[in-house]
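What follows are several structures.
In the two complexes that follow, chain A is the common piece, with chain B as its partner first and chain C second.
Entry: the complex of A and B
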């Protein structure tokens, strides 16, 4: 073999430190992966639940019926969001290892941080789309029931001002565009939960472990501000107790703060500034938890 | 430095990272929480005694941020108790419900309706319970309903629906026209108040001893305000008050007593023994 036959390889292109295209590619493949897991079938169960609640006549008034319908549907939306965030995120990395997809991905010029970010983005896209679809289903149901109650009220007769008062009460408990902010609240909560889960899944030995610990962290994160109040009231508030509570407070995320959707569903008005602050806080959680996940994941051997 | 970084176990680095982030976010979160609770966007933590009454799954649900779902489930359970006339169980369910969601006026309205109207009505008719016990429980439920309504109004000071239910209890169960008038009076101008509250305030004021002059002035103002207010009950009340207060004929309203079901035209309204106007009672009964 002569030397002329060997063509020297062109030097490889320098891989950029961070590429949104690569992150997006991983995110879209994660979305496909989750869709193939038939996650959207949950929407069918959700629609059935709404039909059931919407047609159970235990409420004492149309306002109460609408209020219950809203609470159950938005409660179910919130439950779906955080539970899905935990389960989907906990399953993704182990599934990639099991399918050996992870080796293929990491053998390409993809940085580990991009992989984690792509996975998280994929989960959040699926959660976002599901939440929007659920919001639409729920809104249609509420508007439909509300229109029915209003028509009944008008057909019932009476003095115009009394009918107006009854209609106003129904409207107050019916559909409001602010409910979209409640769904956004559930999305923010799910985002933080997903970020916590991705951190846990980077050093967990199994998906089951990740799911259980994530749920535990979620419950503790939800209850710790409540528990702190009681503990300080019931105990002697010694230095040791206070230190322990502070440790809990700074280590575990405060998920109770993200439950503001309950207040919006109950009728409270929310200012855009509050949503902006919550978005900023969520972004902080995502950055920090992704960075901490990367510390474990960066030199993990598979 | 890199070697030192690699020597430190990962979990320690993560804990340090969490702690640093926690130190920065904790004060921000505390401020946000205070603002959200005061704006009514975030529900305040449930009271300790309410948590004690939750069963294990409900407690987990509550701690897990599913307060609205837990309370909706308890509303269903309470409805079941209502169907079975289990008033004590119903009351304890609503204690938890209203603690979980104190700002939902519908829950307060419902518990006042259940205890103040349904439970008391049940005591009036349930012959399986001895008479003295029925009377005792009737009073207990009526008073409890008033207390619940007041508690609900502390949480929802502008609620018309709770006041409407409270007025029903004062009017139908405690036969207290003065308190009924007071509650209807408080409802005037509140959002969601039905249009009749202004007139009802006057009717019950008319039945409250010593408040006749005030009632007359209120009702005559409504009468002059709009022809839409010239309903039979208003005219009857004004005419009765004119007689009672000895208003000069020149100042009296021109209308005669309007005909009402079971009552001849021109006949004065009857009052039952409690002084509550009863427009359905035929004259001479």
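Entry: the complex of A and C
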């Protein structure tokens, strides 16, 4: 064990201050983790739900049947998006802490902010891909049913004006490419939900607690405008209550703003400016919640 | 040899417990250093502050007082972590990844990619003897295999310092021996090894210097040989000595005023060495039989 036998190793190469490669490595690992957790099985359940709704309909007209199919399928897409965002995000970070996988990750040259960003990006990639697949399944189903109803209408006979009116009504309630904007709206909403959940999971002690609180925040965020407007108008509220409500209004995201998706599904048009505005708002929420998460997470001891 | 791989100066770590002003001092004014290229063992019973010290050195925890440095860099500095490989006590890895994927994942986190990463992964899998299990998910690995993949991931970025937390805990004697051989191999290759353990015999086999920590304080520290040597006694092991020769030696000692025989008898092997000897012999015997069965 003499000193002469020891040949010390050369220093390692420089470490960049921030690395998108490290973020992407954590994101892709998160995607692999979620895929191998067989999360995509829900897509099968979604396809079965659509088949059921498409074939067992109590609607009085083809237009109504198509409208119901759209509402149910896009409602399911939206429900999946925010629920998956909460559950997946709430499971990932606490599990890494619980299993102490975080020890080995953070003992490498990885910044805590990069880890959080990577986890969020991974969840969003999975949600994005799932939403696209569900949109394709949904579109195929609607187009298929729409074509069937149109063929039946044309084969049924009658006055050309009546047939034209019926076909026009079916088209109006059928597939439109604008529906993709509705899916995009669900994606934006899920992104904000995931960011809120990441913030909660940086200080929560369990996944269950994170899931419950995240769902509560989501529900409260839907009643955002209604609740704050009502309470802030109350003249007998004390200064403290008024302040508290203002803080609440800032902290809890207003999920009602994302309800433009429902309008698109119902047939309303959407201006590109609205989509751009919502994208900007979502980016703002993500930056704020990630920043708050980092403040909590950066000094956390494991 | 002037450079220190690890420098811990007056480190104190206090944890708040429960509500109110209740505190636990996990590490109390601890100072020690690990020289570059040596194998240093921090030993102590459970709860003595070993793991807390290690976490501070790894930058997973901040010191309440004092400092920890890795190759002159503050242990919280990201550059210090590039110089450090960590082998945790338990397999803290993603079970959904295969052995090769695990090494690739940690390599990418260290900024490695492409052919360099691929060849490093292959090299490390060979080093720890897991080439045949490279495509198996870690969920199906035994404790010993997990410990070996842990060692491989710690070396992926070719760090200068390797920190091992209870490297052989829960591993069978053969696996334990393999890990100790790997530690000695790392030393030969110029790595600095800093390990924490409460398995004293294993520390004794691999460490150049040892620190004994108890209740958060360093109780003894120094080169292993110096620490364990009993200055006033001398051991002599003879082979094929006749009873007459032994009698002559005993007479010589009896004639001396100050010297006396404390113990005589046959040296004993350890139970571990005996086990490894038997297990090694059995596995050599069973290999030809297996080959026969396979053919």
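The rule we apply is simple: the second predicted complex is superposed on the first by the 274 of 302 C-alpha atoms of A that agree within 3 Å, B and C clash if a C-alpha of one lies under 4 Å from a C-alpha of the other, contacts with A are read in each partner's own complex, and residues count from 1 in each chain.
One rule holds in what follows: a contact is a pair of C-beta atoms (placed from the backbone, for glycine too) under 8 Å apart; a residue touches a chain by one contact, two chains touch by 3 or more.
This one's a predicted model, so the numbers in the text were calculated from it and none came from an experiment.
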Check chain A with both chain B and chain C modelled on it and let me know: fit or clash.
fit
For A:138, using the defined touch cut-off, is the partner it touches chain B, chain C, both, or neither? Pick first, second, both or neither.
neither
So in the superposed three-chain picture, is A:77 touching just chain B, just chain C, both, or none of them (first/second/both/neither)?
neither
Between chain B and chain C, whom does A:257 touch in the aligned arrangement: first, second, both, or neither?
first
Chain C versus chain B, contacts on chain A by residue:
B
In the superposed arrangement, does A:85 touch chain B (first), chain C (second), both or neither?
neither
Tell me which partner A:219 touches in the superposition: chain B (first), chain C (second), both or neither.
first
Could you look at A:211 and tell me whether it touches chain B, chain C, both or neither (first, second, both, neither)?
neither
With the two complexes superposed on chain A, say which partner A:110 touches: chain B (first), chain C (second), both, or neither.
second
Please give the nearest C-alpha separation between chain B and chain C in the three-chain superposition, to the whole Å.
12
Where chain B and chain C land on the same part of chain A: residues 299
Residues of chain A defined as touching chain B within the complex:
56, 58, 60-61, 63-64, 67-68, 71-72, 74-76, 78-79, 82, 159-162, 164-166, 168-169, 172-173, 189, 199, 203, 218-219, 222-223, 225-226, 229-230, 249-251, 254-260, 262-268, 270-271, 274, 277-278, 281, 284-285, 288, 291-292, 295-296, 299
With touch defined as at the start, can you tell me which chain A residues reach chain C in the complex?
1, 3, 5-16, 19, 21-22, 25-26, 29, 32-33, 36-37, 99-111, 299, 301-302
Name, in rising order, each residue of chain C that touches chain A in their complex.
1, 3, 36-38, 55, 58-62, 71, 78-79, 81-84, 86, 88, 90, 92-94, 96-97, 101, 105-106, 108-111, 113, 150, 153, 157-160, 187-192, 208
Residues of chain B that touch chain A when the two form their complex
6, 10-11, 13-15, 17-19, 21-23, 25-26, 28-29, 32-33, 35-36, 39-43, 45-46, 48, 60, 63-69, 71-72, 75-76, 79, 101, 103-104, 106, 109-110, 113, 160-161, 191-196, 228
